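There are two complexes below, and they share chain A, which is joined by chain B in the first and by chain C in the second.
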Partner chain A sequence: MTQLPLLEQAILVLAALTLLASFSMLAQSRLTSAIHSFAWQGVMVAAATALVAAVGHAHHLYLSALLTFSLKGLLIPWMLHRLVRRLNMEREVENIAHPALVVLAGALLVILAYWIALPIERLELASTRNIIAISLAIVLLGLWLMIARRQVVTQVLGFMSMENGLFLAAVASTRGMPLVVELGIAFDVLVAAVLFGVFFFHIHESIESLDTGKLTRLTEEEPA
Partner chain B sequence: MSTLFPALALTLFTPLFGGLVLGLVRPMRLAGWLNLAFCALSFGASLLLARDLLAAPGGVYTGHGLHIDAFNLPLIVLTSFVGLTTAIFSRRYMLEMYAHGRVTPLRMQVYHAMFQGFLLTMLVALGTDNLGILWVAVEGATLATVLLVSLYRTPESVEAAWKYFILCGVGIALALFGTVLVYFAAQQAIGDPEQGLTWSVLHAHADGMSAPVMAIAFVFLLVGYGTKVGLAPMHFWLPDAHSEGPTPVSAMLSGLLLNIALYAVVRFKMLADSALGQSATPQLAGHLMMGLGLLSFLVAALSLQRQRDIKRMFSYSSVEHMGLATFAFGIGGPLATFAALLHLLVHSLTKSAVFVTVGHAAHIAGSQRIERIRGLIRTQPAVGWALLLGVAAIAGFPPFGIFASEFLMLNATLQSWPWLAGLLLIGLAIAFAGLFRNLQPMVYGSAPEGQVAVRANLWPVVVHLLLVAWLGLAIPPLLAGWLQQATRLIAGGGF
Partner chain C sequence: MNEQVTGYWLATLLQPLVLLLAAPLLVGWIKRIKSRLQNRRGPAVMQPLRDLRKLFAKQPVVAKTASPLFRAAPYVVFASTLLAVTSVPLWSIWLPSTTVADVIVLVGLLGLGRFFLALAGMDVGTAFGGMGSSREMLVSALAEPAMLMAVFTLAMSAHSTNLSSIVAFNLDAGVVLRPSYLFALLGLILVAIAETGRIPVDNPATHLELTMIHEAMILEYSGRHLALMEWAAQLKLALYGLLIANLFFPWGLAERFTPLEGLGALALVGGKLLLLGALLAVAETTLAKMRLFRAPQFLNLAFLLTLLGLLSNVILESGL
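Coming up: the complex of A and B.
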């Protein structure tokens, strides 16, 4: 095992902090705190991107870092916050069925992610192999957040944090995708965020709540 | 220089312009006609493109970030054609829906703009050479259609749209992870990182890509894009989304969007096959596709039995057919690949015709529930016959094209996996029984009192069914040539 350069270590630390933010979202039962954790995750991904740009002298990554920071760190959390305020849900606390089990399952997902990434690990540099495993873990935790929680807002946070994990994987393992692709992805994320906002109102209008557990009209069974 | 590039640009970007214009057009009648005109322009350009590409050396065009070959050309022509016929149907149908008070003028504006936006994303997904742009376009197609599914704003449609959004969003996120891994593998095989997502370059260098990374990437891509194809067990969003949206949208979702997602999977399979060629599991991609395809086919055939909503029933039939096509692409080999390509074409044409007819039938009965739709052939013989023939076609009855493609698939299965052929036959019989049991009373049953005919435009249905019958009886040599060429491209050999 060779010693990693200081900057690469810093990137790894940031990746680990991003993973920590995922766990904090998983355990937060207050909506506003979960949104704050998400904002921190966005900032961390942006910082990691900027560091990668500095290490690899990849100047187009500075642009991506800026884009991520403004989109995931500022704009989307701000939009979510505003929606929560407008729907009078700032004080809303979601009941998590078994909080300890949810977090424990999250930890198992991290182990699973490392296991999946094993064959990749053998052929690459020490930093890359960790990053791929960590970003896969963030993706899986986002997925788990969407399954374990039934609040529309937390589901959106899960969705967006999956995107964070993907972005981290792209940046840290491959020095970023071509710029056109990154701009396209950023555009899609932005449109998705706006659409989520629209849907909050639709769902609120139709079931007078944002609990997806109440979205049960469409089944194959005969209505009672 | 031929008119190839202008034709290509016109095909792909007419919907872009159309979407922007229709977003601003308030009068509904005008918007309906404009929508039709843009679709006609795009379809005309795609025909021109086909003519020019046939004259081009090798039948391949690569440039400006686009890549057109014999595989995506038929799908581009098909997409713009079905877009056109759906626009013809949609023009009057949506005015009727407005008259019934189901949509507001503002939502009609959104509808027409998104109709074009949806076509744009599908055509870009087909035409692009860049795997990243492919992902962006497929995700864009979800975003464009999610508002269309919830257009009527009923609690059911909002729920369907939410499920569609979330499940497909998750699926497509996994596909992006797969794409990142492909890019990662490409960096070791190709020097220039800018080319690392260009499909045509990757395809030429795929044998140098790391086998273990490509294997993991393909699993993510198959699950991700497979969610959009509607493969079991990720298919739960599909019947909801396809049944709750307006009928023209159902026709395009079932007829076109599923194809696009499967197209993406097959493009990646071509890369994975050549990267895994020297590894311990050279057939990994094919076997995974066969497994998921067969599972979807059987699950859908069984689910068909218990449907009470006519659009849900036909959505499950889409899952069934996409499962079959995935299975056939998975078998690989020239015969199965040819059959799968043909199946994509005939299924699109038939399924969009069926959904248009179903739209009229539900309009006559005033309900989508199967038990409320009765005696169509008495009330309005044209719709009754169209439904009867459409279902015969989709169930795989002889003169129609689906019979031909399913027969070829069965042959291919008998050649390479004989013991699976039994499962296929049983599944086909179950699906057939499910469809016909419900069809009989809908068409022949006694019509309820006071049921009256509606103004129906069945020209799209007639044209589609005639085309499908033609493809079933004799594939025109031109199209057969394209499909042969595409088969050689995908399966690496002709027959």
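Coming up: the complex of A and C.
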């Protein structure tokens, strides 16, 4: 048995905590708490990136860690929080159908991701290759969050956390993408967040709620 | 060599005695810290021991409808808990009592005690007893899988379900950051809170009809029966404290037992338990008790954490 150096162990711990943040988003019924979980996930991904930079002496990764921290840890959560406050939904609690089943299905997705990533693990690309399974699980959990929830804000969080998972996979397995690509993706996400905000207002204006379940109704009356 | 063997057996025999004294003191310590945090002076740390002595001197009153099981249950509960607490490494790793039993036996012993506790609650036929038993079973049915998963996570790293081997493995490994241990620790803490009936699942200080779980089951007991039941509950709290302290933070445990090393290890373990007790008191002061029907959600979280621990052990720690 070979021992990984302590810094690489810390990367593994951070990857596991990122996964935990995904699960806490999945289980949170309060909007503001879910946004906080998303912010923590961004911070964790940024910290993992910084550690990868320190281990691999890849200096451009420090920049992308900083970018991730400021965008996904601070700016986007702040924007979402402000939107929620403006729409007076701070105390909104989403009614999740079968919360325990949703979370258990999430655990099944993690196992699926592990099973899919097994062949990649055998390639022995880098010592942190196991993180690919975790990243894939985070992507799948983001997808599952968008499917299982009806609240638009939570669906947006699912979308954003998918991006977190992809970023983690890129950083952990290949020591990061070229900086141009990373900058492009970062600003894409930022623009997406702004656009989502505009959509929030439009949806809220037309159906006076952000519950997508109500979008399928054809008439204004409540179903009998 | 011969002296070594005598030392081992002496340590094995002394361990339950030390714990029998220490468990009420731990409860007293938690109560003391809690009252200080709530700006009360609070009872002395010795108070639970004094209560036990007083209860043992009193004559037990048994209901007319009680079956012999009602009289036998306190002894079964007390004996199984004492046996369970003896099998957890306290001050030295390779003691005869800790090597003979493993994690599954430990969970089984706790299950035996719980089974008789629930039976005793229903035996007299009062409404409260039956209600308490049904609630206890609800909580423990959900807590037990989480507890097993937490210890299995440790067992998978150490390749053994024996508590001594797990502790020895963790001692040898030195400083290793394992995500699975983090999750298992969090899950085990949640399970410990639920199983020992602390806030936010149960409140040990109240006899309010709507909320009590453990107190409802032992409502009919008095005298030495009540003393045994309370003592068993205190031992169980110490047991979970010991599990958390010695499985996850085993530093200071003696590999080979000598009287001096044993005393040093005991002092360290005592310090760890006092710290855990203080943390519990702070948590109990800041948290509010939740509704009973929220308890499954709480334990679902514990289960999820331990499941994540198991998964991250498989996925992430192949290189560790």
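Definition applied: the second predicted complex is superposed on the first by the 212 of 224 C-alpha atoms of A that agree within 3 Å, B and C clash if a C-alpha of one lies under 4 Å from a C-alpha of the other, contacts with A are read in each partner's own complex, and residues count from 1 in each chain.
Here, a contact is a pair of C-beta atoms (placed from the backbone, for glycine too) under 8 Å apart; a residue touches a chain by one contact, two chains touch by 3 or more.
It should be emphasised that the depicted structure is a prediction, and the values quoted were computed from it without experimental measurement.
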Overlay on chain A: chain C relative to chain B, clash or fit: fit
Which of chain B and chain C A:100 touches, first, second, both or neither: second
Which of chain B and chain C A:212 touches, first, second, both or neither: first
A:195 touches, of chain B and chain C: first, second, both or neither? first
Which superposed partner A:164 touches (first chain B, second chain C, both, neither): neither
Partner, of chain C and chain B, that touches more residues belonging to chain A: B
Chain B versus chain C as contact partner of A:177, first or second or both or neither: first
First, second, both or neither for A:139, with chain B first and chain C second: first
Chain B versus chain C as contact partner of A:114, first or second or both or neither: second
Angle at the Cα centre of chain A, taken between the Cα centres of chain B and chain C once the superposition is applied, in steps of 10 degrees: 150
Touched partner set for A:185, first chain B, second chain C, both or neither: first
Per-pair minimum CA distance [chain C against chain B, superposed on A] in Å: 18
Residues of chain A defined as touching chain C within the complex: 1-4, 6, 9-10, 12-13, 15-17, 19-20, 23, 27, 99-100, 103, 107, 110-111, 114, 121, 127, 130-131, 133-134
Chain C residues touching chain A - in the complex, by the definition given at the top: 175-180, 182-183, 296-297, 300-301, 304-305, 307-308, 311-312, 314-320
Partner chain A, residues of chain B touching it in the complex: 65, 130, 132-133, 135-136, 139-140, 143, 146-147, 150, 153-156, 158-163, 165-166, 169-170, 173-174, 176-177, 180-181, 183-184, 187, 193-194, 196-197, 210, 212-213, 215-216, 240, 244, 303, 306-308, 312
Interfacial residue positions of chain A with respect to chain B in the complex: 116-117, 119-120, 122-123, 132, 135-136, 139, 142-143, 146, 152, 155, 159, 162-163, 165-166, 169-170, 173-175, 177-178, 180-181, 184-185, 187-188, 191-192, 195-196, 198-199, 202-203, 205-207, 212, 215, 217-218, 220, 222
